[in-house]
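The structure appears below as structure tokens.
When the chains are written out, they are named A, B, C and D in that same order, and each has its own residue count from 1.
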Amino acid sequence: MGEKTQLRIFLSLPSTMQLIYLLDTVISDILREMNFDEETQEHVNLAVIEAGTNAIKHGNKEDTNKTATFEFLIEDDKLTIVVTDEGSGFQREDVANPLEPENLLKSSGRGLFLMEACMDEVIYEAEGTIVKMVKYKQSPNL
Amino acid sequence: MGEKTQLRIFLSLPSTMQLIYLLDTVISDILREMNFDEETQEHVNLAVIEAGTNAIKHGNKEDTNKTATFEFLIEDDKLTIVVTDEGSGFQREDVANPLEPENLLKSSGRGLFLMEACMDEVIYEAEGTIVKMVKYKQSPNL
Amino acid sequence: MQINLRHKGSVTILDIEGNLVGPNTIALKNIIDNQIQEANGEPVFMILNLERVQMMDSSGLGVIVAAYASIRRNNGRVVLLNIGGNIRSLIVMAKLVTIFDRYDTEAEAIASFF
Amino acid sequence: MQINLRHKGSVTILDIEGNLVGPNTIALKNIIDNQIQEANGEPVFMILNLERVQMMDSSGLGVIVAAYASIRRNNGRVVLLNIGGNIRSLIVMAKLVTIFDRYDTEAEAIASFF
């Protein structure tokens, strides 16, 4: 039953942006090890940094006593990343679309959009304090 | 009360030596961020890899269903690393001294010795399934 | 992360090296804001040389969009020099292609201001 | 991790690049064992060029100690070329200084066999 490879890596960070580079190297290493093509590596890397930044900044408000956690589930055909924070969440539909003309020149508000553009699936759970993202080895829509 | 910086980073890995490079990049990043001098960085890096290798190989016997965990506690004056495995432990005093002439040419048995040589403190707990290592910013014996 | 500030005539050139990600972006924002402030209402002409920037996230993008907006307010202009594939695709995704002029040589970028 | 195998006369030279850590060390062990096997009991003269090895752990050390021991058994010899400070201090700590001769040029290392 289910002899597929499944490796679970778990990382927990105190909520300071100073440590975002650690998340960057961990996801970079995982993506390289999984042999994703270079463009996909860049996309997933970006999505993870955006999700991590949101967890640390918006979720945990950079309180170093709160942790942001990152679960990386490596399977033969896909990588699943679950990011959690200890904040009070948000409603996805309340966030403005950064591609609307009136928002194009805003200096923020592009993180969720980029996550969704870069990953195959992005699911918000527990009021947005859990973000689950999936990237397939062969993108299903290609 | 205790306004000192204390950051806790936690990493959990499935027990395959394939992932030891992840441990390598995480500890390298932390050491660089903490501004340890280069020689100290190399020493702590080596100790962490040795402890991680032992947890994965000897402790968890490379069973990917078992996890090796790494806790990095960053404080102003020191770095504490706690490595745990899900194995059945060992007795430190049963391990031969690799510096004895009859052991010099053995191809293994130097890991614990190097950990102890490279860190300021190494403490074995829970039958050796928990290894706690400390490196001070200013080595206390220098 | 390293930012080098140069002037060629009335043009300000920022050579940026490293990833424009997370806290790194603050340094860039500060330097740009400083230049705008020093111009004291006069138009600023700025080239952001991104040749040595591998990666940029939404914070990095936010800094250059903010620079674009406030520099345009005083009739100045920001252009991008030597952007790689990653950053190009980020700008395309964010629908900012029409906003940022991009050049492959410093000479072209400078000429574009006159 | 990359290992390049060269022969100069009767001397085998392994140019090693990367960190001799964890699973990486297995590749080196296999190549060395192969050379010993191919020698078929004749003495092996081997240079391990560690110029491009930044880091070595006890597994890496174990591989070169094992090589030393089995090559010596047939009256051969292993020497180290271009070791950096890290690896030197590792060898010192492990009390293996008296075991491994170290050279800074390939010519010296080759000459040491004759």
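The rule is simple: contacts are C-beta pairs under 8 Å (C-beta built on N, C-alpha and C of every residue); 3 or more make two chains touch, one makes a residue touch a chain.
Here the structure is a predicted model, which is why all the values come from computation and not from measurement.
Common partners of chain A and chain D, by the touch rule above, are B.
The most distant chain from chain A is D, comparing centres defined as mean Cα coordinates. Chain C and chain D have CA centres that are 51 Å apart.
Taking the mean of the C-alpha atoms as each chain's centre, chain B and chain C sit 44 Å apart. Annotation: 26 Å between the Cα-based centres of chain B and chain D. Annotation for chain B: residues touching 2 or more other chains are 18, 21.
The set of chain C residues touching two or more other chains is empty.
Only residues 19, 21-23, 55, 57-59, 61-63, 65-66, 68-69, 85-86, 89-90, 93-96, 99 of chain C touch chain A when the two sit together in their complex.
Residue ranges on chain B touching chain D, taken from their complex, read 17-18, 20-21, 24, 39, 42, 45-46, 49-50, 53, 98-99, 104-108, 110-111, 113-114, 117.
Chain A contributes residues 5, 7-14, 16, 18-19, 21-22, 25-26, 29-30, 33, 64, 67 to its touches with chain B in the complex.
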